[in-house]
Amino acid sequence: MIRVEDLHRHFGGFRAVDGASLTIETGSITGLIGPNGAGKSTLFNVIAGVLPPTSGRVFMDGQDITGLPPHELFHKGLLRTFQLAHEFSSMTVRENLMMVPGTQSGETIWKTWFQRGRIDREEAEIRRRADEVLDFLTIRHLTHEKAGNLSGGQKKLLELGRTMMVDAKIVFLDEVGAGVNRTLLGTIGDAIVRLNRERGYTFCVIEHDMDFIGRLCDPVIVMAAGKVLAQGPADHIMQNDDVIEAYLGTGLKNKVKAAGGAL
Amino acid sequence: MQSPSQPQPFLSAQGMRGGYGKADILHGCTLTVDRGQIAVIVGPNGAGKSTAMKAVFGMLPLREGRVVLGGEDITPLSPQDRVRKGMGFVPQTHNIFPTMTVEENLEMGAFIRDDDVRQTMAQVYDLFPAVAEKRKQAAGELSGGQRQQVAVGRALMTRPQLLMLDEPTAGVSPIVMDELFDRIIEVARTGISILMVEQNARQALEIADIGYVLVQGANRYTDTGEALLADPEVRRTFLGG
Amino acid sequence: EEIKMGMSLGFTGPLESMAPGMAAGAELAMKEVSESGLLLDGSTVVPVQGDSTCTDAAAATATVERLITAEGVRGIVGGMCSGETIASLQNVAVPNGVVMISPSATSPALSTIDDNGLFFRTSPSDARQGEIMAEIMMEKGVQNAAVTYTNNDYGKGLADAFAAAFQEKGGTVTVNAAHDDGKADYSAEVAALAAAGGDALVVAGYVDQGGSGIVRAALDTGAFDRFVFPDGMVGQALVDNFGSEIDGSFGQNPAAEGEGRDKFLAMAEEAGFDGTSAYSAEAYDAAALMLLSMAAAKSSDPNVWKNSVMDVANAPGEQILPGDLAKALEIINGGGDVDYVGASAVEMVEPGESAGTFREVSFENGEMTVVGYR
Amino acid sequence: MSANRQAAAVSPWRAPILFAILAVLFLLEGTVRNGLFSGSWNTALAILNMGLISAITALGVNMQWGYAGLFNTGVVGFLAIGGLAPVLVSLPPVDGAWAAGGPRLILALLAGIGTLAMARIVHVRTRRGWAVALVLIGGFVAYRWLFDPAVTAIEANNAARAGNIGGLGLPVLMSWIVGGLFAAAAAWAVGKVALGLRSDYLAIATLGIGEIIVAVLRNEDWLARGVKNIASIPRPVPYEIELQQNPEFVDFAARWGFSVAEASGIWVKLCYMLLFLVVLLAIILLAELALKSPWGRMMRAIRDNETAAEAMGKDVTARHLQVFVLGSAVIGIAGAMMITLDGLMAPTSYNPLRYTFLIWVMVIVGGSGNNWGSVLGAVLIWFVWIKVEVWGPNLIGVLVGPLPDGDLKAHLLGSAPHMRFIAMGLVLLLVLRFAPRGLVPEK
Amino acid sequence: MDILNALVAFLNFVFIPAAAYGAQLALGALGVTLIYAILRFSNFAHGDTMAFGTAITILVTWGLQSLGVSLGPLPTALLALPVGIAATAVLVLGTDRAVYRFYRAQRAAPIIFVMASVGVMFVMNGLTRLLIGVDEQRFDDGARFIIAVRDFREWSGLAEGLALRSTQALTVVVTAIVCAALFWFLNRTKSGKAMRAYSDNEDLALLSGIDPERVVRLTWIIAAALMTIAGVLYGLDKSFRPFNYFQILLPIFAAAIVGGLGNPVGAIAGGFLVAFSEVAVTYPWVKVAGYLFPGWQPGGLLQLLGTEYKFAVSFVILIVVLLFRPTGLFSGKSV
């Protein structure tokens, strides 16, 4: 589905993404993990057209999509969520969802003058769909709340909800789990699996919650210092020494350790 | 760990009621932390955890309830005054100064201190080597997890008596999360009280002396961390099995 | 009867420092007439001020609209700047049949405007001044000159009229460049003028506006040391600002010889304002003309008295100077004829504007001296 | 921590009540005569008419700012360019002007546009800077070679009276549409270049563009005589003088108990008012239809968060351009209407304080994002702007009343006209204080 | 080829005036940028506040002059400056309390602040006029020139003259000192850093124990100082007329923005960019070319564009700069 070839993205002298090459297979749920600052979000942003690459190419279904603006990628079926939630804060939660579908005739200005009936019919359909998504995310009671007033986790849910409003081909999720209640995250995981199975979405997921990654993702790609460090099935990756050293660590030490330096 | 001369807990927020607009978000929420204790708040999204933290910190007008710190009623105090009383807070979002360098961010954490802050800063860098590398870089250019580390570091710089953390581990990698929890234990051992909200609830409750499960602005369960972890009902509904 | 007289002047805006002097001039005349008790069986005259802003045609129109339809004024001294005057005249004064006598709107366009006989001005059209200025310069042997003008209808009209006249007489205009008033800095303009060069610099601007800025910068950088000043510049302010630095410069403004002006200056001093400030004298004359015309027409209805303006302003008749308004009213009430001369030697030519007597001045030893009249 | 406070709900009666208050203000202005009001229908209607034009301008600004968050401070430029339309459309042709240089002028303008198009093609095809520069320089030389003599010839043609290219002698109402088109074309060009800029940066760019447009109008005499102004632009309504000479009208006026002059003034103003109202309501209708549909929702989303809107498939650049062009077209229409009402084209009067910032004040005071708010704000602020001319000095008269006579009192009384600004400022501050989100906030 | 004369002509008509003007704009832009950075709005009352500060300074200067106090070759106004600054500080602090504080508490959108500042501008505008009237006021005393044209010609024997007014030199020197002090303050002192912190994230500054009201007060005081200094230097060098101080607002904003709003270095660079583009682009090169290539007699003035377009030209340059650097030369903020 997505092929990234020798991608570089530098900030000044700093190489945030430094020659990453990877493939995301159609129909997979690919996990992308790595230490903080490994370049995961930067990689996402380059693929999604938010940042231009310093060099390298990105292909989608064999077609070169390097540098295409995000809105064109959206219409090709590539959707993404943001690590820091980007809600439309002064709009209601439902409006946040309803604005997503890209083929609304009501978005053409002259049609709003002359084709009211058709627009109303479309709106009813979109509203129904939005409400389904709200039910699914357990935030139906917030339908009319301004999105800016949501709690941190609720905003994350809304981010995910937007990708469910249209039929996407591939969805990039940048840390949907951060700040989301684990029970709910379980549900979200189920949803991802269902969307993947039933609607054929391909997913690429950045997440630091290893349970989540382990349950959903195959394969898992590990990035470190802008490069791909390892790739493979989840359980495999979690045994990888490099990965453990750079990323996973070995659990809490201090419970047993004596009191250290004072802050 | 309770100091014997102190019959009352160090921080005690009793029956807090309040919200942002007309509707209340908190419905009689109570939180207490003792000296050197780690208290962890967990709960579903939108339960009012962050709101409760803000209320404790005086950033939300309370309709009912009061906040007592070290025996003193601080309910009417402004957040700045509470900082001077020894409270430090890391909000859930917008918790760094984006155009200032990492180092300046830390300095700002030590704003109310008049003594030499270099040693504390060295300790923070020690704790978060990833941000130490970037000390001259604007914090706004950091990755999500790095920002989180800067934010916690900033609060540590205050050398507070009560450290309040709103989801400090959101978005940080497992290894850093472990480090962070380790450090929090260490900090607590020096007698500093910790009040934190966590969604990485299982790890957090493991180190918690006391855990609160908050639902719809009210305490649903209150117990030691271990006990909560052991409760299957709590595990299933709030900790993701 | 209480006769209200309007004044539509730019009390705020770019010429806000000129307006008070003009208002004071006009009010002086009104007061004089009012106190004489001789106008239309002892009517009193009440001045009503309106702010025309000088640049905002819409605001000026609204002001005049108010003066006429709400205050019910029987005549208006104003407007002040040509553009604004045209707008308020066409949109309000003419439709309502109220006379406007402008002391200062000098654009040639006002000569040909369709005014139903309701517009007069006590200053001459700029077309005339351009010729005079060219004449004086040729006599002084200035063969080529740089010109800078304030970028409005007055400046541009004057500069163009001058350039045409000057070239016709064989002179060369090295550059004819605009400057905008109220700008922060004039180095660019002066640099351009200096590069073009010339024996003298003609500054068709306002003395308390960009004009002075230009002169200042030209002097400081040594670009020019000889200037030619038309009406917008000639005034005490010029001497105050530059003293002997502009020695050797000269200029002209519409002002008439003799007693009239001196008397006006004395009266102004007594009344506590500076009579030499630009168009103050013209404003006095505008107000006086209106009131005398009312007396002559025996009516305060502008549609009636508009027909007496030319009579009162021109010979035959007894010559009337500032301060003589009571005497003039007596003569008129007695059925006699007057020839209003006033502070600016008013002589009206068709279509109701000052013929334009110009006073030639020169600057020597830090003082302005009147050389002659033409 | 979110910066949002829950906004207090706004009563649905608020807008109607405020409009009613505004209507009462105008009624008072028309009937009551005291220190505050003038008691003349002519004044009241004159203020209202200009207020309606301001309202249309404010609607245009509101489309750009309120719907899309585009900070356009070049309003004065688009108003001015719209104002050019009545001159070029409705003025009678100038004898000889066309013959003097018309065709050459058109050729020059075509050459100019052609050069830009060529440069673009070369740029896209070759991506070589020097080739583009070569085309531009060559084009510029050709353009000036064609343009300069044409302009000189036209400006020399009857310089004192005309010196401009002249109009087409068509009905002036047509020029309102043309004014909109002029402004839209200019906005399209501007938008192509500048819309990549954000917030205050866009503001200063548009401010500059506004200044440039006005500078062109002031200095290109062949267009509309530059600073020498154009007067007597034809009217779409009768002239007062004609009415006054019409016996039927004289009778009519007498029946209503007005003097003919007064009645004719009122009649003409009513005619204008009707025309303006038609335009205003038509624009509002179209705007509301668009706003209350997915288009409006999309615009709000874009205004809220461009990055997210872009990621959700909205072509932010194209939408910005669209709404910028539409808003500017509305401003252009207002510009043409204003020149029609004034009967005068005086480029020197286009200053940003009056035509950009005052309009902004109207939009914000009214409540940005809300069309009715803009209308209310515009008419109200215009009313105040005109009335403070009287209120200011009256205010100072009251204030210094108790002072003993002397220099200070004289000085203060002498400075009375400056109270105009103080009064305006105070009114503005008061309104903003008691309605910080505008009189009629969005939704 | 007469390089010396060409150079002197260039210095005299382009470089020196543009440098002085640039310094004046830079000072003004610094104030605008500071307020933008910390209080997060474009302050339209800036020009009129400058006028107010200058008016006070002028009144005090006159008082000093009438007492016979003088600073020798330096203008007496420098002595009066502190009083002007203090009065302006009081005024802006009062304004902040009466106007802006309310909106801060409300967390109003920046545009509301901008509009409130338009209201303040109107009031301030009237206030200054009530205070000192509308006329031009001159208060410059002391030595007028450091180098006068005539002296320079005699001394050098060149055909071209060179003038350097003392006010021009003073402007540039004071600007340099003020900038250095401001940078030191913002980047090195605790209060300065607190201001920057507040500008970055108000809530977090609060959590760090920074007193927001103190930061705001400090900002206004510094801004008042900057405004008064800028206004007085401008008034000394050109002349004082309240109206001009409103007009100077546009170039000041242009400078602040092209340099990058909220960035002090940008404000300075922007000031000079605007000044030099105004002067240099419309400069007719005929004279300089005449010296450089004596044989050449160009027909025209070798002027790229007429001076009537000078403001337009500087804006074109601004727009071009912004197209390549969308947040200004030194990457400023945008709210």
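Just so it is clear, A, B, C, D and E label the chains in written order, and each chain counts residues from 1 on its own.
The rule is short, and it goes like this: a contact is a pair of C-beta atoms (placed from the backbone, for glycine too) under 8 Å apart; a residue touches a chain by one contact, two chains touch by 3 or more.
All of these numbers come straight from a predicted model, not from anything done at the bench.
Considering the contact criterion stated above, the chains in touch with chain A and with chain E alike are B, D. Graph distance from chain A to chain D, where chains that touch are one step apart, equals 1.
More contacting C-beta pairs link the chains of C-D than the other of the two pairs B-E and C-D. Using mean Cα coordinates as chain centres, the one most removed from chain B is C. Note on chain placement: the centre of chain D and the centre of chain E lie 30 Å apart, centres being C-alpha means. Distance between chain A and chain B, defined via averaged C-alpha coordinates, is recorded as 28 Å.
Centre to centre, using the average C-alpha position, chain C and chain E are separated by 36 Å. Shared interface positions of chain D, defined as residues touching 2 or more other chains, are 1, 5-6, 218-219, 418, 420-421. For chain B, residues touching at least two other chains, in rising order: 20, 59, 91-94.
Across the assembly, chain A contributes 149 as residues in contact with two or more other chains.
Listed in rising order, the residues of chain A touching chain B in the complex are 11, 33-38, 40-42, 83-84, 139, 142, 149-154, 156-157, 175, 178-186, 208-211, 246-255, 257, 259-263.
Per the touch definition, chain D reaches chain A in the complex via residues 2, 4, 6, 286, 289-290, 293-295, 297-298, 300-301, 304-305, 307-316, 322, 326. Residues of chain B touching chain E in their complex: 57, 59, 79-80, 83-84, 88-89, 91, 94-100, 104, 107-109, 111-112, 154, 158.
Taken together, the chain D residues at the contact with chain C in this complex read 33, 38-43, 46-47, 50, 159-161, 218-219, 226-229, 231-232, 239-241, 261-262, 264-265, 268, 338, 341-344, 346, 348-349, 351, 354, 385-386, 389-390, 393, 414, 417-418, 420-421. Here chain B touches chain A in the complex through residues 20, 43-47, 49-50, 92-93, 120, 123-124, 126, 130, 141-146, 148-149, 156, 159, 167, 170-179, 181-183, 185-187, 189-190, 192, 199-203, 206-207, 236-241, going by the rule given at the top.
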